[in-house]
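In what comes next, chain A is part of two complexes: it sits with chain B in the first one and with chain C in the second one.
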Partner chain A sequence: MKVICNRGALLEALTVAGNVVAARTPKPVLQCVKVTAADDRLTIAATDLEVAIRYSDSQVQIEQPGEALLPADKFRDIVRESVDDTLALEVTGDTANIRGQDSHFKIFTQKASDFPPVPDFEGDADLEIAGGLLKQLIGQTLFAAARESTRYAFNGVLLSAKGKKIDLVSTDGRRLAQAKGDLISDKLPKEGAKAIIPSKALTLLDKLIDDPEEAVAVQVRENQVIFHTSSATLTSNLVEGQFPPYDDVIPKDTDKKMTAATADFLSAIRRAALLTTEESKGVRLQFSKKGLVLTSRSPESGEATINFPCKYEGADMEIGFNPTFLTDALRVVDSDEISLELTAPNRPGLLKGGPNFLYVIMPVNLQ
Partner chain B sequence: MTPRRPIQQLSISLVNRIAAGEVIERPAAVVKELVENAIDAGASRIVVEVEDGGRALIRVIDDGGGMPPSDLPLAFASHATSKLTCDEDLFRIATMGFRGEALASIGAVSHARILSRMPTEEAGYEVHNRGGAISDAQAAAGNVGTTVEVRNLFFNTPARRKFIKGSSTEFGHISEMLLRLALPHPKVSFLLSHNGRKAMDLPAAPEGERLLAAWPKEFHESVLTIDVRDAELRLRGIIGLPELARPTARYQFFYLNGRHIRDKFIQHALRESYRGLTEPGRHPAAVLLLEIPPGDVDVNVHPTKTEVRFRDSGRIHGLVHSVIREKLLGSELTPLALPTRSDAQGEPREDLRHKLAEFFRQMPGEYSAPPTAQPGAPAGSQPPFGGQVATTIDAPFVASNPPPASFSAERPTLPSMPMPPMPAIAAPAAFARSLVGQDAQQSAIQLHNSYLVAQSDDGLVIIDQHALHERIMYEELLARVNRGPLEAQRMLIPQVVDVSTTQLALLEQIQPLLGKLGIEVSAFGPASVAVHAFPSFLEKLEPGTFVRELLERGEQELLDLHEEELLHEVLDMMACKAAVKAGDPLSPAEIEALLARRELVERSSNCPHGRPTTLRLSLRDLEKQFKRTGF
Partner chain C sequence: MQATRSILHVDMDAFFASIEQLDNPSLRGKPVLVGHDGPRGVVAAASYEARQFDCHSAQPMSVAKRRCPHAVIVPVHFERYRQVSQRMFVLFDEFSPVVEPLSVDEAFLDLTGSEKLLGEAEAVARRLKARVREELGLTASVGVAPNKFLAKLASDLRKPDGLVVVRAGDVDALLPPMPVTKLWGVGPATAERLRLVGVRTIGDLRNRPADVLDRILGGDADRLLRLAHGIDDRPVVCDREAKSIGQEQTFGIDVEDAEEVRRVLFEQAEQVGRRLRKHALSARSVSLKIRFGDFETITRSTTLKEPTGGTAELWAAACGLFDAWAAQSFRPVRLIGMTAAQLGAHGAQMGLFADPADEKQKRVDAVADRITAKFGTSAIRRGGGLS
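Presenting the complex of A and B:
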């Protein structure tokens, strides 16, 4: 195999693939990327057996096609530190030679046939979605997923698609985020499709999409989901388990409602949060006809009071929230105005930002 | 099942070779004897009805072979059994009972009744035993099989009765006993009720399925099955993946030829098999059924029959160890558990070298000049250890933001330590200034991601980062709880935890305490609870996991504690969980903040375990060690 590569494009490909490569693994081949030179492009494939990626780099000149397994870290570091605009990669036997103007690196390769198969995107897409929208939906939900829950389904984001509509839902058991949008096209059966996608895959997908206009093709399989952009194919195993019947926890009987400008509310929360501590995280929200008063207090640091004028309908009420849970959501809202609907101090609050974003948040018991 | 023989008195010689008195020490022991008899009688369905923790009533109904009327009074006689006849038999015991003493002992301390009907008979017969006074057999209506009723247990032995605990505690023992008996008999269905409410329902099932009843549902995904045999031995059962290991051995069940046993050899072999895969001090989950020729074991070592003596214990140990170890290492899933170990073992060495290099780069300046002799710095300006760090940072220690590394696979090797802004051989004055000035960032360095080493007034201190942080959190929490309940985050989707009956009873008992600590738990079905609120400062922990661990520990250790002690125990547990761990890399700011709060612990005499957090080495100690004395 012999290829001349544009260094910048190759570095980009290796950096993306590097996100997948297993950091510690009993199988050394999984610490490698598979490099394939064929059809005018260089394909970099990596997998940790959960998530797999194929990234194709077309800024290459192929002099001799072939494939090889290269240690991901070393290869990337060499490409990163090199100073040349182009690098020549040549594999002979079990040695890869990377040459720049003044440098020559030899690294040992592994048998390409030992690498687990990394699927390509084949056949028709089940659905297509605009890259920009997909990124937005990911941004509006991923943050609320759990990290290491034993309720495995919480560690992913539920994607549901049906009738040219898509929505993503995530929860960590304390709050829940839902974001909706329209598909470009779908070839799904009538009952639609559902899949719990691991956070890692979505984080990666988010990085892969850089053109908001491009269409991302998606296939949902029995236990895998495959995303395809113009430059990459990402395959991920689905999270096993049952996603909770989340519709039941979205409050439907709220009788109090605040409306405010997103940015102002965010600022008020952030300021009130300044004097919270590890053990007293909560901010107290006192709603009345006059508006909202936010207070926080901690025996070690002191007290904060923020007067926040806003529209409020309903009986006076006092409720505590973890400010981080609120700011997490306010940061990803894409509308200028939000509403917060409430029922009682021990019942969930419902935050809405525009028609497509909804967030349910459980209060804290303040002392 | 061996064909039934008529009940016979045992020969005196045999009686003497049998250990003394069947021990009926609590209601669960009655259940054990009665259920064993039912199993021995070939029952396919066994119903156990209990009232008031077994004090009012224990009734065991089976559909086994029954007894002829002539045997009925004998069943209550001492050393009367149909299961053993000559000396030889004692060594080839295949049935559960073999001493012919259980019913006699039970009858002596209760109001008991046996109602039995053989499949061949038209009618049943019953016999009563009122504290040892045995009636004649009388005709009575009943289904095929045997029903034994035991009422008013220990009515004539007040001393024993006094030792019986509360109804729910005793029932907890009963349900655990029944589970233990049921596991190796999958073909028999078991039904247990307490005061008319169903508490356990195990339908006949394939063996693999029955064994799983030993563990909560969340475990069921992480199970490996074992079945290995040679000409003489057979070992089968289920073992949990390393992550199911728990601080107590409650998920371990060992059986020898169908009989539940406790055996240190097997337990040890099991623990050894998981060596390196679980944290030390944790007990892997395992249900193991061992079959060996009856002649190779003496089952009669202990009167309650749970301890045995093997002829060749080394062989048993070897078998268990090799089979399980092989299974664990051969399993696809094991490597997942391994990386954390290599983490702990592989990385720090590099780390240590790096750290020491950095440490020594800074040492010379500091050591070559005694504080008072430093030009440019006023004498005594070098503040004591505690004060010096207190001025640099006043942000609380950010335990909620452990370096994100702990969650991702690719953790950065080191927290970045600012290098001293000077050449290695620093002018003493510059160095002294840097210690008091704004840029005195680094008053301690972290070794092995576990220990902090810092200069003190008269030498150096080595701090166990976890122990110190745990102590600080403990003190802070205690102070906080004394002011009012801890702040709690309510759950949107409460986590459900499976619990045993004993655990449920414990929960009821400690409910008010949990409330103070911000934990809100409520019953959720007969054998589980839901966690509705959990302290906000423990947000990194899973509420369900914490509650389960608390109950597991509680069952063993906390039941008899006073409110105050209990509070301290639980706070201690919370502090331990919330504190940084050995192996967590800390940022310089985190180190500073941790040290700044060190005073809090030093002031308090209230130490949870008396474990030290700090070792001190004075300059004099160092001089002695380096034989510098006199220079």
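Presenting the complex of A and C:
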């Protein structure tokens, strides 16, 4: 294999692919990226056996097609630290030579045939969604997914698509986020499709989408989901197990409602949160006709009281929330105004920002 | 400058031995030694009658028997002492929300600010002693002082059944004649180093130049000098604000039976769980402490996936650590203890999806806590905990 590469484009490809490579793996071949030079482009493939990526770099000049396995980190570091605009990559036998004007790196390669197959996108998309919308939906839900699952399969995001509509739902058992949108097209069966996508895959997908206008093609299979953007194909196993019955926990009988400007409410919560600690993370919200008073206390530092005038309908009520759970959501709301609907101090609150985003948050016990 | 505090140190008199005499009237008035009557046995506690013969706890049983051949030797009844201790703490809670347990029979109570409600500290101390006598049938010695150091010193001055009040003005008459080992943090090694520069009493310490003390005591010099003047700013830390909550048990002898150690550990897990739940706290980590007869001490820790205040999870963590160690390296144990740390009011955050198994566990814990508070620890036993 012999190919001249634009260094910037190659670095981008290796960085993206590098995010897929597992930090620790018992199989040395998985610490590599598979580099294939053919058809006027360089394809960089990487996998951790759960998520796989094929990244296409066309800013290359192929003098001799071929393929090789190179250590992902080393290769990327060499390309990053080099100073040339272009680098020459030549593989003979089991050695890869990377040459710049003043430098020559020789690194050992592994057998390409040892590398697991990394799927390409084949056939029709089940659905197509605008890149910008997909990024927004991910941004509005990914943060609320659980870090690791104990009971339910909620260390991922539930994707549901039906009748040219899509929604993503995520939860960690204490708060839940749901974001909706319209698809560009769909070829789904009548009942639609559902899949729980691991958080890692969505984080990677988010980084892959450059152009908000581009159409991202998606295929949903029994155990896998495949995303295709203009530069890459990302495949991921689905999270196995049951997603919790989320519709059941979205409050439907609230009798109290606050409305406020998103930015102002966010500021009030952030200020109140200044005097909470990791150990006692709760802000008290006292609602009345006069508006909202937020208070917080940190046994070692002191306390804070924030008066927040806002519109409030319903009986007076006091409720406590983890402020981070509130600010997480307020940051991703894309409307200027939000509403917070409540029922009782031990029942969930429902935050809405625009018609396409809702967020359910369980309170904390105030002592 | 803080207002003057009002601290009580309550110390039960010859706790184990007194309980044995309470339970068995034929032992009253007699010298009683609690411990294992064997060649390697150690005295866990000696009644005041036995102390007249120079017997005391931690003494080899053979020595105690020589000094007091007619002493009655009684085996250690851990469960019973724990039951009494539990009731003792329930009683203390009535006098102050700020109770810092020091051991199974000792605690600090902070009465600062409660004068309007309860009255002068000395009167409160008297009432507390009376209540202990009425409800537990035992005597306590109490020290009343503006800080922990002086309060503990005071409770020791007139035992048994003593009540000593130390005021700021008494310090200069009280402290200087006392040996330097009365300062907490000064053990035999430090005392020896001080003796070599002519410091035997607290008064000697006060009079030594600062550079000499710095050399001998290093970073501790400041703190010890302040203690020598009766100044101690340590707060009374109740479980609610504690950084960790633990229980430990020293056996009178080296326990050779792993099952017996495990049984005590289970009781400790229950106690720790109860204390956590009482203050709506949960713990992220659990550690185990094991000490052997030769004083070597090991610790093992684990971090929990989810913070918990539930007895079942605490027990699972503690016995996991214990079994892992015991399977490889069990040898006779002198002390076993467990601590729950990385505490937080995590218990406060409610969940969206009730886990039926979790909810059931919480209900069991809640019921057990209520029964225990009313009737003491042996009123209820958990099944399946010892498998």
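One rule holds for everything that comes next: the second predicted complex is superposed on the first by the 366 of 367 C-alpha atoms of A that agree within 3 Å, B and C clash if a C-alpha of one lies under 4 Å from a C-alpha of the other, contacts with A are read in each partner's own complex, and residues count from 1 in each chain.
Please note the rule applied: a residue touches a chain if its C-beta (ideal position, glycine included) is under 8 Å from a C-beta of that chain, and two chains touch if they have at least 3 such contacts.
Note that the coordinates shown come from a computational prediction; the quantities given were computed from them, not determined experimentally.
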Fit or clash between chain C and chain B when superposed on chain A: clash
Which superposed partner A:A23 touches (first chain B, second chain C, both, neither): first
Touched partner set for A:S113, first chain B, second chain C, both or neither: neither
Of chain B and chain C, the chain that contacts the larger number of chain A residues: B
Partner chain(s) touched by A:P244 [first = chain B, second = chain C, both, neither]: both
Partner chain(s) touched by A:P363 [first = chain B, second = chain C, both, neither]: both
Shared chain A surface residues [contacts with chain B and with chain C]: 148, 150-151, 171, 173-176, 244, 249, 278-282, 299, 320, 322, 346, 348, 360, 362-367
Interface residues, chain A side, partner chain B - complex: 22-27, 147-151, 171, 173-176, 244, 246, 249, 277-282, 299-301, 320, 322, 346, 348, 360-367
Contact set on chain A toward chain C in their complex: 148, 150-152, 171, 173-176, 244-245, 249, 278-282, 299, 320, 322, 346, 348, 360, 362-367
Of chain C, residues touching chain A in the complex: 241, 280, 305-306, 343-345, 347-353, 355
Touching residues on chain B, where the partner in the complex is chain A: 218, 335, 338-339, 342-343, 396-400, 407, 409-410, 476-477, 480, 483-495, 518, 533, 535-537, 539, 542-545
